[in-house]
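Each of the two complexes below includes subunit A, the first together with subunit B, the second together with subunit C.
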Partner chain A sequence: MVVKICLFASLRDVVGQSEIVIDSVPPGNTALQVFHRLARRFPGLRRYRKALLVAVNQEYSDWDQEVSPGDEIAFFPPVSGGAA
Partner chain B sequence: MNQRYSRQILFPPIGTEGQKRLGGSRVVIVGCGALGSVAAEQLVRAGIGYVRLIDRDFVEESNLQRQCLFTEQHARLALPKAVAAESVLTSMNSRVRVDGVVEDLTHRNVEALCGDCDLILDGTDNFETRYLLNDYSLRTGRTWVYGACVGSYGTAFTFRPRITPCLRCLFPQPPAPGSAETCDTSGILAPVVHLVASYQAAQVLKILVGAEPASTMLKVDVWENRMKLVSLEGARDPDCPCCGALELRFLEGRERRHSVRLCGRNAVQVQPGGDSRMDLPQVARRLRPSGSVSLNDYMMKVEVNGYELALFRDGRAIIRGTEDETEARAIYARYVGC
Partner chain C sequence: MIELVTTPIDREQVVRSVASPQAGAVATFDGVVRDHARGKSVTHLYYEAYPEMAKTEMVKIRKQALERWPLHGLAIVHRTGRLEVGESSVFIAVASAHRADAFEACRFVIDTLKTSVPIWKKEHYRDGEVWIEGYGA
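Moving on, here comes the complex of A and B:
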């Protein structure tokens, strides 16, 4: 199935684009499995995994949430700056 | 009521009643860098009764690109941000009581500095202080309005104890070193700062007049043209040690570090344990043979061996030229002593 992934901040820089469509996700895959699939292509993503927030269709989601065809999965890294 | 707030009063959700409430409110802004100065200007112009600004830093030339309260003169004098901001804000609206406090917020002074305010606005640049604010908010029931930016990206959320998830529900651990972006790896654009800080200020105004703040988390990138509002329903962790079991380790001082890297500065702040008062002129005399020394009423600066060490009266130092905390502590020990 096809899902859309949105990447913010440093994740965007690792992948080189802020949106990426993956079309080979097996049905029943979780948000975590989708992340790992992406991280196989972009290993630089791996070190962010533990600190990320995940949202599916703009709702906070657990890593073990199953995704559906057409879902938009967004990953947000923590950001510390207050621009001091 | 004269003309000063007339356009804000004409806005029905505020009105005369809301304006009165703003005038009777007290807000503390923790961190007066980019986010803090933008939010402070809006809240002071809006006529909040009392605004306290807490900041541990001083103005530098590289701040001027985005920190809207500061001038070249402030940077030349290396004024503490809290002092410069207080004077500028007071000239913008003399009816608001503005109180600039040159201190680092810690578990020891958080009650003294936040306990008499209705609401906390986060303008900090580090997770340690945010976890402290999160703990304090849960202990006292105060709402805090989080904001953070890096590069062209920013985020904001209003944390309300027992209503929304807390910071620990979202980020159980402070990010590992190197895993969170900082302004020194990615820079920072003024437009995203203004956007995020304005959003924070709007939440503060809403809460103070009794309206409902946003329950979604703002995620915005001004360069990629993206804006998302993420629902955090379901994000509250029933097993959260903070908002669940009220294990408030930062508030209890059990997570206190003695040094902390400063975002975007190639610098480390070192904080001596306990309360130490410094005789800055005396330290300056002692250091003159080692390097070029400058001194004002608030701080002493010395350039030595490729480092720049800024020492404040409370014993705190900002050491520039390194990002290594151990190295910074060593330099502190060598030139300041403990």
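Moving on, here comes the complex of A and C:
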């Protein structure tokens, strides 16, 4: 099935593009499996994995959420926060 | 008013948008680009958003604040793209009958925004640039 992946900030710099369409995702795959699939193409992503957040269709999501055809899956770094 | 903009924020307009005859207090927060960070001189910043989701998250924060405090108006405007030192990156205005609610809600909005709204900044220095990301937070 086809999903759209969106990348931001340092992740976008690693991959070199902000959107990637992947058309070979098996049904039932989780957000984490999609990330690993992407990381096989872009190994530079691997070191970010533990710190990343994921959103499915623009809502914060769990890594074990199953994705559906046409979903928009975003991987991104935590928001910067800033000193209060 | 919840907006993501790429041009300078019109602060007066944001304040006017929350004005109400019932509001005796308007608290504002202005997030301004600073000329230094981490011991380095900052030449300018670049803000990048996940625009649709950033707007959704800002709407959620506004809703939470309106549920928690008796407010008459609440506006959040965030700017993205290249910003120079002294320019506003985010401006918040909160109106309530009395000042305590406006102050508290304004603080809640900026603190929550900084952890949940998908907007990142890149600091540019004379000798390089770095994404400021909340790893380990």
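Note that the second predicted complex is superposed on the first by the 78 of 84 C-alpha atoms of A that agree within 3 Å, B and C clash if a C-alpha of one lies under 4 Å from a C-alpha of the other, contacts with A are read in each partner's own complex, and residues count from 1 in each chain.
The rule is short, and it goes like this: a contact is a pair of C-beta atoms (placed from the backbone, for glycine too) under 8 Å apart; a residue touches a chain by one contact, two chains touch by 3 or more.
These figures come from a predicted structure and were not determined experimentally.
By the document's definition of touching, both partners, subunit B and subunit C, reach A:P78. After overlaying the two complexes on the shared chain, residue contacts for A:C6 are found with subunit B and with subunit C alike. By the document's definition of touching, of the two partners only subunit B reaches A:R47; subunit C does not. Within the superposed three-chain model, A:V21 lies out of touch with both subunit B and subunit C [touch as defined at top].
Applying the stated contact rule after C-alpha superposition, one finds that A:A55 touches each of subunit B and subunit C. For subunit A, the partner that touches more of its residues is B, with subunit B and subunit C as the two candidates. The contact surfaces that subunit B and subunit C form on subunit A in the two complexes overlap at residues 6, 8-10, 12-13, 51, 55, 58-60, 74, 76-82, 84.
Residues 48, 50, 52-53, 56, 111, 114-122, 131-137 of subunit C are the ones touching subunit A in the complex. Interface residues of subunit B facing subunit A in the complex, by the touch rule stated above, are 31, 33-36, 57, 66-67, 122-127, 147-151, 153-155, 170-171, 173, 175-176, 178-183, 185-186, 188, 193, 217, 219, 221, 224, 226, 228-235, 262-265. The touching residues of subunit A, when paired with subunit C in their complex, are 6, 8-10, 12-13, 51, 55, 58-60, 74, 76-82, 84.
Those residues of subunit A lying in contact with subunit B across their complex are 6, 8-10, 12-13, 18, 47-48, 50-51, 53, 55, 58-61, 74, 76-84.
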